[in-house]
Amino acid sequence: MTCMEVIADYGLRSLGIGERLLPRTDFTLCQHFTLIGSGMIWNIYFGVLALAAGFFLSITVAFGKAARNPVARRASTWFIFLFRGSPLFIQFFFAYFAFLSLKQAHPAFDPLTSAAIGATLVLFLNTSAYAGEIFHGALKSIPKGDLEAADAYGITGWKRFRRITFPTMLRLGWPAYTNEAIFLFHATALVFFSGFPAWQQRGDALYYANYFADKTFNPFVPYPILAMYFIMLTLAVISIFGAINRRLTRHLPPERQTRLRFRARQFIR
Amino acid sequence: MFSYCTDPASLEGLAWLSCYLTNGKHLLFYQSFGTVLLLLFVTAPVALAFGFVGAAAARARFAPLALLAKGYTAIVRGVPDIAFFLFFVIALDQAFEYLRHKVKCPDWEGPIRQGSDFVVCSAAKLPLSNSAQWVHEVYGFALAVLTFAIVFGAFAANVLFGAMRSVPRPQLETAEAYGFSARQTFWRILVPQMWVYALPGLSNLWMILVKATPLLFLLGVEDIVYWARELGGTKNPRFSDYPHGDWRMYYFGALLLFYLGLTKVSEVVLDRLMARLTLGQATSGGDAQRKAPA
Amino acid sequence: MKKLILTTAALALMSGTAFAQDTVRMGTEGAYPPYNFLNDDGEVDGFERDLGDAICETAELSCEWVTNDWDSIIPNLVSGNYDTIIAGMSITDERDEVIDFTQAYFPPDPSAFAAMSDAFDGTGVVAAQTGTIQASHIASMDGAALVEFATPEETIAAVKSGEADAVLADKAFLDPIVAEDADLMFASDDVMLGGGIGIGVRESDTELKATLDAAITALKEDGTVNTLIEKWFDGMTGPY
């Protein structure tokens, strides 16, 4: 079997398209690359969806935590504590079993027990909490002068939010938010190891890497391939977020433009 | 546990619950919380030591060493930690056995990797196949600690490297002016001063380490996740005196609470530690402490 | 006779396992009643515990029980974390390529579908434990979608929650569950899979395999195996 045939058979295996049975004996390098790469579709799916939806909730949470209204403040603070204070791994387990009981209560909850919906929901809430804390920190560090200047110019209310508060908060929080995005993508690898079942062996990259390592008892091939894919994904995230960062800071003099650096500082899980 | 627990089927309510929660299996569950805490307290210093070596190496003048240290931290941070755990726990075991094999059985012929078998001579087996059960358990736990330390050592190296660079240059220059050697400057000036800069990063790392402990389950250690899944599962009256339905949600809910409590306690302790360390330091925090009314 | 002893001794020296070691570590899953499970005290219990202890007594080995997750139970045997797999593992050609099996201590047993309604006809979503003969069977069935779970417990839970339409597992495992649970019933036709259940050993451990084989033969002849099967499996008569 040539490598092209393997790609045709297994390239979209993680979506259930192509060969039904996974390879069982005589594993080739090509099979490793193809299947693990195929699994990356899921990692990207989880990450992109949770990140896109989480962006909006995280800003809501950030403003909620900074709000004067005690109910909004309490709720946001608790939300952040709940998701940042416990391991994502346990959150997945708990959510899956909770979804199972919800399902028995009402059929409307049926889709939640699938990884595609349920795990995305957990990741979405989780990243919202982490990013909410980041943006809350950024909100608190907006220079007083900026807001006072806005007041002096008579810019208030929605306009002030749209023109001053929001863009400044985004700019200040962006480097940390980039980190959160990277670690969110890493966290997607946990999904199929934490209760959520892999339908018809449609799993993510780590699921297949683990499959190969179990079958061949040789971790030195599948895991480096997985690492390579993830490093590529990480670099892609950094370049996309870097481009946005350049846009956010384009009005600043060059020496004040922060360059994004990939560092595991504040907000990884 | 209690004298009235001999016939659980006849019990109800709290009495039943008190028996259920103290049966042998639950006691093992409670012990596994100790395993998790033990892992935390063993891993933290080991990881810190790894990180210290990594950070010192990254500062080395010898370029390949610096490159190696930087590569190590970059790769560990570019790849999901769970992938590292799954990788290292097999890879370390095989690496140790391979090395022992080379040393202890030099005359061995035939390949070590035979298809899906990893064959080393029996003297090189780790632990030796005739050792007691506790040796196997300790070995498994030690592998887990080492794996955690490798991953978290890379994070710690990153934090410490940053902290070493944050120590004000004039401090080091002054030391040189007084004729300190490079080694003396490192140990007497740089290292004592870097901790306050490192602490925010290290506390963050501690929190991450706390939240990574459930991954122990994936390394084959019988930890709290293992027991929560085992205890929560449906129990058939034929095979258990305490039959019940699917209770896994409650057990994992309890684990969530345990971790929330653990992070809360850590937060409080680390805040106090920060206050203690900031005392008298030439940082804005130290300044604020000095100016605050006594 | 003397020659025989000499050869076994030489064998033992060469690969230096079973006879040289004083304990044999028995690897099991501990989650597949009545074959093996953890009892309320957290100890391994079940048919295979009783049988394993009997085998060790007959073969004059001292045995220790170890539990391991099913999905990594073969790799961990191969890497030497324990010396045998005695975990309701059916003898199949695929497994035989990786490890060796003793003779069967449990006859080929049908696998059955358990579902929430008897309308199940072999099509739909079917749950099975990862890496079992049942999972391979569903994967090759037309019209059935396989969904895999790490533990047997989870496959049952999946059917109960409607996640899967049915579960395919050893009938002896499903029997007590279906008997206790009013919602579950057997559906569709049973299928015969695998060639009986044997003890898995490393391919290099030839003399441990011989020792265990001899012990199983002895226990089959004196009726112990039959007694234990009848003790743990309701309504089954010992076949040996």
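We just call them A, B and C in the order they show up, numbering each chain from 1.
Everything that follows uses one rule, which is that a contact is a pair of C-beta atoms (placed from the backbone, for glycine too) under 8 Å apart; a residue touches a chain by one contact, two chains touch by 3 or more.
Just so you know, these numbers come straight off a predicted model, no measurement behind them.
**Student:** For this structure, I'd like the pair of chains sharing the most C-beta contacts.
**Tutor:** A-B
**Student:** If I average the CA coordinates per chain, which chain comes out farthest from chain A?
**Tutor:** Most remote chain from chain A, centroid-wise, comes out as C.
**Student:** Let me have the rounded angstrom distance from the C-alpha centre of chain B over to the C-alpha centre of chain C, please.
**Tutor:** Chain centres of chain B and chain C, defined by C-alpha means, are spaced 34 Å apart.
**Student:** With chain centres defined as C-alpha means, what is the inter-centre distance between chain A and chain B in Å?
**Tutor:** 24
**Student:** Using Cα averages as centroids, what's the distance between chain A and chain C in whole Å?
**Tutor:** The separation of the two C-alpha centroids amounts to 40 Å.
**Student:** Where in chain C do residues touch at least two different other chains?
**Tutor:** Those would be 72, 75, 78-79, 157.
**Student:** Give the residues of chain A touching no fewer than two other chains, as numbers and ranges.
**Tutor:** Correct list: 100, 217.
**Student:** Quick one: which residues in chain B touch 2 or more of the other chains?
**Tutor:** Counting only residues that touch two or more other chains, chain B contributes 90, 94, 116-118, 229, 246.
**Student:** Quick check on the complex: what are the chain B residues that touch chain A?
**Tutor:** The contact residues of chain B facing chain A are 75, 77-83, 86-87, 90-91, 94, 113, 116-118, 155, 158-159, 162, 201, 204, 208, 210-215, 218, 225, 228-229, 232, 246, 248-249, 252-253, 255-256, 259-260, 263-264.
**Student:** Considering the complex alone, what residue numbers of chain A touch chain B?
**Tutor:** 81-82, 84-91, 93-94, 97-98, 100-101, 186-187, 189-190, 193, 206, 209-210, 213, 215-220, 223, 226-227, 230-231, 234, 262-269
**Student:** Which residues of chain C touch chain B in their complex?
**Tutor:** Those in contact with chain B are residues 15-17, 20-23, 25, 30-31, 33-34, 37-43, 45-46, 64, 66-69, 72, 75-76, 78-81, 83, 98, 151, 153, 156-157, 160, 176-177, 180, 202-204.
**Student:** Along chain B, where are the residues that touch chain C in the complex?
**Tutor:** Listed in rising order, the residues are 23-25, 27-28, 90, 93-94, 115-119, 121-123, 125, 129-130, 132-133, 136, 220, 222, 229-230, 233-234, 236-243, 246.
**Student:** Quick one: which bits of chain C touch chain A in the complex? Just the residue numbers, please.
**Tutor:** Going through chain C, the ones touching chain A are 71-72, 75, 78-79, 94, 97, 125, 131, 139-140, 145-149, 154, 157-158, 161-163.
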